[in-house]
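Following are the structures in question.
One chain, chain A, appears in both complexes that follow, with chain B as partner in the first and chain C in the second.
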Partner chain A sequence: MSLSAALKSGDVTLLPGKRDEDWKWTDLRGLLRVLPAAAPTLDLAGLVDGPFDALCDERHVVAGGRPDVAIEVPAGGELSVALRILSRDGGALTGKIGIRVGANARLRLLESYEGDASAYVTDTAITIVLEAGAAVERVALAADGAEGVNVSQAQVTLAPGAEYGQTVITNGARRQRIETQVTHPGAGAKLRLDGLYLLEDKRHADLTTGVLHQDLDGATDQFTRGVVRDQARGIFQGRIVVEEGADRTEARMRHNALILSDKAEVDAKPELLIFADDVQCAHGNTIGALDEEALFYMRQRGLPETEARALLIEAFIGAVTDRIGFEPVRDIARAWAAERLRA
Partner chain B sequence: MAAVKQTIEHVESLEKYQHGFSTDIAQDFAPKGLNADIVRFISAKKDEPEWMLAWRLDAFERWQAMDEPEWAKVHFPRIDYQDSYYYAAPSQKKGPASLDEVDPEILAVYEKLGIPLKEQAVLAGVEGAPRYAVDAVFDSVSVVTTFKKELAQVGVIFCSMSEAIREHPELVRNYLGSVVPVSDNYYACLNAAVFSDGSFVYVPPGVRCPMELSTYFRINAENSGQFERTLIIADKEAYVSYLEGCTAPMRDENQLHAAVVELVLMDDAEIKYSTVQNWYPGDPVTGKGGIYNFVTKRADCRGDRSKVSWTQVETGSAITWKYPSCILRGEGSVGEFYSIAITNGRQQADTGTKMIHLGANTRSRVISKGISAGKSSNTYRGLVSAHPKAKGARNFTQCDSLLIGKTCAAHTVPYIEARNGSCVFEHEATTTKLSEDQLFYAMQRGLSQEEAVQLLVNGFVKDVLQELPMEFAVEAQKLVAISLEGSVG
Partner chain C sequence: MLHIENLRAEVDGKEILKGLSLNVPAGEVHAIMGPNGAGKSTLSYVLTGRSGYDVTGGTATLDGEDLLALDPNERAAKGVFLSFQYPLEIPGVPALTFIRTAMNAQRKARGEAEISAPAFLKLAREHAAALKIDFEMLKRALNVGFSGGEKKRMEIFQMSMLAPRFLILDETDSGLDIDALKIVSEGVNAMRSPDRGMLVITHYQRLLDYIKPDKVHVLAGGRIAATGGPDLALELEREGYDKYARAA
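And then the complex of A and B:
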């Protein structure tokens, strides 16, 4: 049951749907009656720059006719890569991206999903392998079209001492799922998984993560926030598994969502599955409206209500973007998010 | 020397399931297996009216078309539904007119379990001591219900389900299956087809039930399943507190307990439903035997400002599959769920609650404490949802898990669905082991390791224990200690 299998065979019954537990809130089977033909080969001539192109040493494009990308950072190396996934012309795209980061190497992976207004279907599979002591910071901006369907699934494997930080920022699509699965060996490896969804109209975004702690001394820090309005629907599914023997694991998961209209919806499933006893694991989840008392305070200080709301929301999402390590990227992410907010 | 003797007795009782005895009592069985004739047999045994039989047969037909659910985090071999007795009742010619006519063997069982069936025995207690009325269900039938007369004086109906079907058919017909529909789920549907007895409570408008009501379930017969159905209706401004206890003998085969509990609340009504579940958990080493506890419990807050509170202490059963739920329909209605689930040995528990907010300004609170030890697995699974019309809905959920030992597992699987802009949902969960520092402190003060663990665990579950009625709280506290015996060191 996967989108890629369905796209490959053209069989819509292979699409994941409501009856698949992990996809119950992101129903593709009920949505897609027919699958589009493969997207035509994209002509790169005249393509305008992506959001991160100026910051990077290497640029890669995944699009119709050019679905595969391989990125390798040699041991001890350092690299900044802009990775653009371009969905166009109502076509189907199955992208495959393989990334290997050698021992003690550093990679800054700056990803952007750029879709046009057509009813495209895009499926991207990303594998990222970090060798011992490697460090990766991945920032993904997902700017899909309102009619697009986009599924991105990343499989991250950490080695001892590796460090992986991720921030996904999205404004949704007709149906969108951005999934990250991490295999965590413990042994001093560090993981940060952040997400932010800013949704309006009838957009849908699903941020799903899974972390498998396999051995001693692992650390995971996860922080997702979302703002939904109109008839939008935001979904957060987080799963942390601590296997038997993975003692001294420290895992934290936070999800906070703001619902700004009566027809918007937020669904959350923060799961902890623990098979070891010497662990510190916690998750917190809140869903609600803006704090009336904070609003009142600001208005009483002379701020107009719309401005007060905007300020509160900005602060709310700022908590996530502030955790991006590299400052120029942080600024781009902040500006990107601010553009997609209206008070 | 009394203290020494007590200690010796206490030590001897360690790691033992104290209610594991079985009693040899002449019993009537239905033939083994399950088919439409068995359903008819049960209905005929109960002298049920035609509509009841039709209801059962309809349920049986639907059940045959259903699949057993497999989503819970529990593992067990497939149940052979044909290899069990669906009806077992102590033989007697007619229902006993008074306690004196009840088989003394059965009375002895309850005495051994510490359940007061003799009204005078309770009355003879300390003046002002709380009294509670008991409906004792032995395998498939209710053997006795106490304090019926006194309760009738204030208009409260408290009797067995079969009696209610005979005496108050209009109430039963009106409400039975209205909260948990016949085909709600696999086990509820099976229950609808073959349920044999259970308790029925109706509290009329404005009445505060003068004493605690309780049902005590006992499975005694071998190879039999227990399927009881409880229906409690609290009319406008009524209040009732209801307790439920259960035990079973130690047997090598697994026995099925698939109950359905329905609560109906009108305007301003309140029901407090407490359960201390102590079914036989199976052999702690091999995992052999034990009760499969597959129960559907649901409260429907139909009236405005109604309030329902579920409190459960789950220590027994080989497998627990149970999600007491609240449908908060009435405006301003309140749902509460307090739970302690303890698993040890090879027990598996998948339990939690559902808070479904449909009305405006509805509130709910979930406090769940899970403790796993040995090779057990303990899952909290819960749903909190707010409908678009549930303006101003509020929920607070806290689920904490405590792990004792290297081979146990604790899981938290909450589902949160918010469908309007004015609801406020908060959820927090933690999973940790016992604090080494606290253990060290307690032991350095002279407590043994086992006592120190008990002390810390009791502290961990205190939030829930204090929600239990007093008599149950004491029993529950002891139960917590016994369930964890042998889990450290």
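And then the complex of A and C:
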């Protein structure tokens, strides 16, 4: 069951849905009665810059008629890439992105999902392979339309001594899932896996992650936060598996959500599955409203209620964006998030 | 200055203030003492407009202006400051950012211009030095991970920065050792002025050795049960609140 299989065959019964444990909160089967035709080839003439173009050496676009992208960073090399996934005109798009980062090479992967107001269906498969000592920072801003359906699935493979940091920031879609699966060899490799969802109206976002620690001495630090209002729905599914023998693994998973209205919903499923003996693993999951006592305290000092709320929320999400390593990207991410909060 | 007349208030449907009347003229410091549960903190929250503290009768005015009709932030802009018994932690918001935002919100509400960043920093350095607060601490999230004493010192720091017209100190001495108590009291005393009033709420007389009140009131059973000079605090320290608690 997968969106790509359904899109390929046109058979809606192949869509993942409620009966699939990993998709029970992001039901595509129940949502899509018909699948749209393939998106026509997108004319890139006149296309305005994406959010990260100015910071990058290479620019790639995935869109109708141009579904495949390959990115290669040679050993010891350094590259900044802007990767834009453009969903337009109610079409179906199946994107395939293959990325290989050579030994001791560095890649900054700056990704943006840009959807219009139409009822498109986009499915993106990304594979990222890091060789020994390689370093990747991936930041994805997902700006889908309210009627769009978007599924992005990344498969990341780390090598000894590699470092991979990721921050996904989204304001959801009609249905949206951004998934990252990481194969972690331990051996000094380091993983940071962060996410942020800021949802309003009836938007839906599903941040799903899986990390498989296969051997000794691996580290994973995962931090996801969300703010939902109106009738929006946020989903966090995080799974960390520490295989037998993957001792001295250090894994930390945190998920905190703020629910700002009675009808908004957050579903969270944090899982740590540990089959090794000597590990340090922890997870924390909180879902709640803004602290009314803190709000009163702030108002007593003179802040109007809306300003006090905004300051608390900004600080709440800032804890995630602050972890983005490269300052110009951090600033863009912060501004992007702030804009979605005001909306 | 502060004029409270026959104030009645309830929390969760239970009447806590039962016709409290009190006058604090400009330039004076009044202490409110009383047994636990007498309504001391309720009074401070009613005056500052905390939700859940419902006024059912009476009035409270500051220089003739009805406080009870205003939002908490509007009262703050009018110059009412409450030093909390248990100051809240504000995660992710550096103390300096918080205070500058508060100061500018108050100024805006009063129709005044915002303070410039250099002027604000200069002011902050001066007041931090006076209260022996490490300036680095002001860059950390407000009160997060601060000790009880540090939180109280931060309250007085905010108070001196915001320069309110009317100060309410709710159990400011709790959680302070003697050295901190002296520093905090000096900070409060530095704010005494002919156009500023203060209400010092405390369970123990100790604080009043450092912040000398003009008048002492005993709050018991939701009312002012007795009023006297500083000697009344000493008498309460000797004899306790029993006779007032019984009378209430």
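Note that in this section the second predicted complex is superposed on the first by the 342 of 343 C-alpha atoms of A that agree within 3 Å, B and C clash if a C-alpha of one lies under 4 Å from a C-alpha of the other, contacts with A are read in each partner's own complex, and residues count from 1 in each chain.
Note that in this section a residue touches a chain if its C-beta (ideal position, glycine included) is under 8 Å from a C-beta of that chain, and two chains touch if they have at least 3 such contacts.
What you are looking at is a predicted structure, and each value in this text was computed from that prediction instead of being measured.
In the superposition on chain A, contact is made by A:Glu307 with chain C only, not with chain B.
In the superposition on chain A, A:Glu244 makes contact with chain B only, not with chain C.
Looking at the superposition, the partner that touches the larger set of chain A residues, chain B or chain C, turns out to be B.
In the superposed model, A:Glu327 lies in contact with neither chain B nor chain C. With both structures placed on the common chain, the touch criterion links A:Ala315 to chain C but leaves chain B unconnected. By the touch criterion defined above, A:Asp278 reaches chain B but does not reach chain C. In the superposition on chain A, A:Met298 makes contact with chain C only, while chain B stays out of contact range. Those residues of chain A lying in contact with chain C across their complex are 291-294, 296-305, 307-308, 311-312, 314-316, 318-319. Contact residues of chain C toward chain A in the complex are 48-51, 71-73, 75-77, 81-82, 84, 87-93, 98-99, 101-103, 105-106, 109, 141, 158, 162. Chain B contributes residues 71, 388, 391, 401, 403-433 to its touches with chain A in the complex. Residue ranges of chain A in contact with chain B, taken from their complex: 21, 244-245, 257, 259-289.
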